[in-house]
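Chain naming follows the written order as A, B, C and D, and within any one chain the residues start at number 1.
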Amino acid sequence: MELFVNQVLAGIATGAIYACMALAVVMIYQAIDHLNFAQGEMAMFSTFIAWQLIQWGVPYWIAFVLTLAISFAGGIIIERLLFKPLAHAPILTHVAGFIALFAIINSVAGLTWDFTIKQFPSPFGSRPFLGSQLISTHQAGMIGVTLVLLLMLYGFFRFTRIGLAMRAAASLPESARLVGINVGWMIALGWGMASAIGAIAGMLIAPVVFLEPNMMGGILLYGFASAVLGGLSSPFGAVIGGFLVGIFENLVGTYIPGVGNELKLPIALALIVTVLVVKPNGLFGRTVVQRV
Amino acid sequence: MSTIQETVAPAAAARVTIRRSVSTIAQIVVLLLLLATPLFVKNFVIFQLTMWLVYAIAIMALNLLTGGSGQFSLGQSAFYALGAYTSAILMEHADVNYVLTLPASALVCFVAGVLFGLPALRLSGVYLALATFALATAMPQLLKLGVFESWTGGVQGLVVTKPDAPFHLPISQDMWLYYFTLLVTLLIYAASVNLLNSRTGRAMMAIRDNEIAASALGVNLPLYKTLAFGISAAFTGIAGALGAIVVQFVAPDGYTIQLAIAIFLGMVVGGVGWLPGSLAGSAFIVFVPNVAENISKGLSGAVFGALLIVVIFVVPHGARQVALYGEALAKKFLKNN
Amino acid sequence: MSSLLEIEDLRAYYGQVQALHGLQFSLEDGSVTTLLGANGAGKTTTLRAICNMIRSTGNIRFDGKPLAGRSTEDIVKLGIAHVPQGRGTFTRMTVEENLQLGAMTRRDSRGIADDVERMYDHFPKLRERSDQQAGTLSGGEQQMLAVARALMLRPRLMLLDEPSFGLAPLVVRDLFAILARINRDDKVTILVVEQNAQLALAIAGQAYVIETGRIVMAGEASAVADNEDIRKSYLGY
Amino acid sequence: MNFRSTVSGLSAALAAVVIASGSAQAQKQYDTGATDTGIKIGNIMPYSGPASAYGVIGKIEAAYFAMINEQGGINGRKIEFISYDDGYSPPKAVEQARKLVESDEVLLVFSPLGTPSNSAIQKYMNAKKVPQLFVATGATKFGEAKTFPWTMGWQPPYQSEGKIYAKYLLANKPDAKVAIMYQNDDFGKDLLKGFHDGLGEKGSIIVAEDSYEVAEPSIDSHIVKLKASGADTFVSITTPKFAAQAIKKVAELGWKPTYFQSNVGASVGSVMKPAGFENGQDVMSASYAKDGADPQWDNDEGMKKFYAFLAKYAPDANRTDASVVYGYGEAQTVAQVLKQAGDTLTRENIMKQAANLKDFVPDTLLPGVKINTSPTDFYPIEQLQMIRFKGEKWEPFGPIISGEVRD
């Protein structure tokens, strides 16, 4: 029983990583209506920028804010330079563009900062949280930040006009144009926000997994899986999805005898696919009711 | 991501003959080049060309799935691996002749494809992308699994014996494998073309264009979508088997998500849904990395990415777009003469 | 009365195919005008060309200002509301959110809130369903929503593309009554494209008939309605 | 960055010497890839792809040969080092190996990286009788002189390392309860096997084993599970990132086991420092090379040469990266082989000389560790010394241990 509780707690701690990334995934999905395979690398790059600033002696929080601003601008620039010209290309061509972006960012980061792992500071420290050695103060802080971010996103999309306009631009670009929304800039803004949220995710994840150019490889898949499990249209669902994946994966690894440990990722993914077959919009995704 | 619509200007009836003759000439030229090139190059170039054909088959198989039925897969490496291992295990543990391992691989992969296609029926777009992505990630872990280690060689992989040319033909192993692979490629190409022109193919394409309308017309959606997955997997499996024989080695690390991504990129660069484009796409994934590393070792990934961006900026519809320009030029030329 | 919209020599293209061959017409401020024609005659294309949603050449002036070179969203900001074919409803959003979106170009939050109330008065069904996803509305309700959303812009010109399509006759009658009232009370100029010529002619002042991208007849709606050929082709008696 | 160092023309003076010494000329023997003026060496590295972290080995080797060339080459011959990228993909490795052998016509392929890539090309290299020298992996199978006489390893085989930990444990803590975490690949399984073999019939002291995948973002749950097994000894068969995560997590959990960390994950700069020095106290490992980040070697003759080399030829390289030290040591070893081969630059003689290294000591090896090979011993480095982490550095303790694969 103690092992079970421990694994659930460890799962929540790991799940916080996934939840963070899933939030960034949902953000970009809201903006461009599909997934960005280079998102993990963008987050990694942002984290390196923060790390570099800190190395240069910039205090953590100033570096944090600067990184957010740089990432936001970077996201917009990438959209304007790379994806706006492809606006009329087929969607699969966009996916190829994401892959190209992935390769470029990874390679440039590797050359600039090499591949040895770097320590990234945590603003929350890493002492036991409330006496539990399984969740550190950093991980608790990470969960806290994720939840705050979630509330802010919810408010943004739900209650602000620009949030509403972004949702409209993503779901029906042509209609959005007909109510006077500049769809192109909404998409760029979405990229900027997704990139900034990715940066937060990266800066929160790096103290746990250590910073290096390949740090996001595995995490992005988990982020996608969490977002899809929770529902791509629902930031709330994505966060819950992250924790569920973290916990479930640990339990599979611990309790399925024989292959459980070696196959915990495939089993977790198989479960997600099963969920999708039953609930194609994810656990918390809004079902689209359509009358013809 | 499920609807792929590439608009090709509908050719007027009068132009069709010219168009046909242009494409026939092009096909003959390509075929002659394919037949003759090995006679003039070094063995290692023949080996490269063989790998090029192998990946072209895999890309063709993905084209059949995506271009033919509108489904999307980032998990082709899984079927490629399955085919490779089936062939390797049969050859090394059961002494089966390498030629016979190809249909065996095809069969195994067909079954796997159908089994995977069933749950995939309910998924589309990003969901299908994730499911196939998951498959690609899971496959190397399955291959490493301790339970199968006596068969798969576990993390160490399996070494495969390279076949000699039959009938004491006086050609090198490499050249023989090249022509053997070429034959298989042509057979699969012909089969794919026929499939797309058949009732089945038309049903699949109807699904691609509009699922609801297709089902209203009486197309059995589940059957054809599953079938599309099965056939695509079978062809990919053959490519994997050939790859294993040519490389003489299979290991879990050879079939990671990187391979699935490469196959996908090959399809996009070649032009989605255009079978001959598979050759161009395959050339891109086999040769462009070499170009990239020649430009810069430290930044080879970045150079590759940049080249890829150049390609999709210039021809967002891939090699097919180039072919259409070429055809238009050829037509002009023919008319003026 | 002055012209609100003037169109000269409008040509439009879908890829290589030319869909409009030099249209010429104008709309008087405060009028209701209908554009009639068979399927594929170029009616929808004309509306899309006005909003610069397809490639076109020629002169289009709105309130004296040329529209050439303006993006769709800029044209909308000038006060042209376009209710597209298929209504363009944001099905994943609530009814209320759809109305808010209609007022995207406006800055007066007070006025917007008032207008939302006014729309609920116009269309009481929408008030009942204000928190529902728009996709759950019936076809007629969605059409009402589309018109209401367009009105939230406080447009000077409203373009309607086949508003009666797929609706029950009774619903269509309601809808056209409301359109007439909007034109009268709110002084909104209306250009309506219709297959249902009878209804359209009943509320319109002016009518144009378009065939394969060319205007073949123009005049007072009543005169057009009396024309023998038109009666045979479009009105069916 | 061009890795092909150009073959410079034969200097007039050198030509004169060669012509003058008629007897030497008579003994000259060349295979493809060697001439009076140069030697072509091929190499395969994962510059791109998942293992790109190791690409730096190739860069350092290229820099090393640039230095050799600047100092006049080896026996007057300039080294042309041709390095290709295989992206850690076995099929690509085969393609590149064939390109090196058949198109670039190199004399030997040196330091190709990774077990999968080397497994893929081993049969080809041996069939072609081209040396596959000093492969950059510790897999035990690359030292089988009888079956594959053209393939030789360099670093201590992972199995030897595993055996050394086992023997240490049996001698010092025979009643330990051992928990093992290993990377689920050739490296992890090889080292694990060595550990099992070393324990022999005392295998029952292992109470838990858990593998992890490199794709896993965090290994916390494995540690939690292993701790729950009640073990008092922890063997971490991990690469740097996971090694650091494990050291940190074990400390955070308040678990204080006797801790063994595999050598590949024991770098001061890229593991112990990020993990936190306070968390890594008393962790043990086994080592054969000096650590580039360890200040205790600042006045060491060998390391001074190494640092001077870095400063001049690879100023961008990160000296705390164990791969940098590794590349230097390997390159120095192959240079020694070529030196020994003299003017008989045949592939056969290269293998003969590679199998005839006697007490050779590259600058970067721990004091006392020597390279020895023989026609039946294709494992150049087989000696390791136990090390323990104290303060901010590794302290060697105990004797130099030989961990021959077969005993």
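As a convention for this text, a residue touches a chain if its C-beta (ideal position, glycine included) is under 8 Å from a C-beta of that chain, and two chains touch if they have at least 3 such contacts.
Predicted, not measured: the structure shown is a model, and the values here were computed from it.
Colleague: By count of C-beta pairs in contact, what is the leading chain pair?
Modeller: A-B
Colleague: Of all the other chains, whose mean CA position lies farthest from chain D?
Modeller: C
Colleague: Per the centroid of Cα atoms for each chain, what is the distance between chain B and chain C, given in Å?
Modeller: 49
Colleague: Starting from the mean Cα coordinates of chain B and chain D, work out the distance between those two points in Å.
Modeller: Averaging C-alpha atoms per chain gives centres 37 Å apart.
Colleague: At what distance in angstrom does the C-alpha mean of chain B lie from that of chain A?
Modeller: The answer is 32 Å.
Colleague: For chain D, which residues are shared contacts with two or more other chains?
Modeller: 48, 50, 52, 55, 184, 213, 215
Colleague: What parts of chain A, by residue number, touch at least two of the other chains?
Modeller: Expected reply: 103, 106-107, 110, 221, 262, 265.
Colleague: With touch defined as at the start, can you tell me which chain A residues reach chain B in the complex?
Modeller: The contact residues of chain A facing chain B are 29, 34-35, 82, 85-86, 88-93, 95-97, 99-104, 106-108, 110-111, 221, 224-225, 228, 232, 258-259, 262-263, 265-266, 269-270, 272-274, 276-277, 280.
Colleague: Can you check the complex and tell me which residues of chain B touch chain D?
Modeller: Listed in rising order, the residues are 42-45, 47-48, 51, 137, 141, 144, 154-157, 159, 243, 247-249, 251-254, 256, 258-259, 289, 292-293, 296-298, 300-301, 304.
Colleague: Across the complex, what residues on chain A touch chain D?
Modeller: 2-3, 6-7, 10-11, 13-14, 17-18, 103, 106-107, 110, 114-119, 126, 128, 133-134, 136, 205, 208-210, 212-215, 217-219, 221-222, 249-250, 253-254, 261-262, 265
Colleague: Please output the residues of chain C touching chain A within their complex, sorted ascending.
Modeller: On the chain C side, the touching residues are 51, 53, 71-73, 76-77, 81-82, 84, 88-93, 97, 100-102, 104-105, 133, 135-139, 149, 153.
Colleague: Can you tell me which positions in chain B touch chain A when the two form their complex?
Modeller: Those residues of chain B that touch chain A are 1, 4-6, 66, 72, 119, 122-123, 125-127, 129-131, 133-134, 137-138, 141-142, 144-147, 261, 264-265, 267-269, 272, 298-306, 308-309, 312-313, 316-318.
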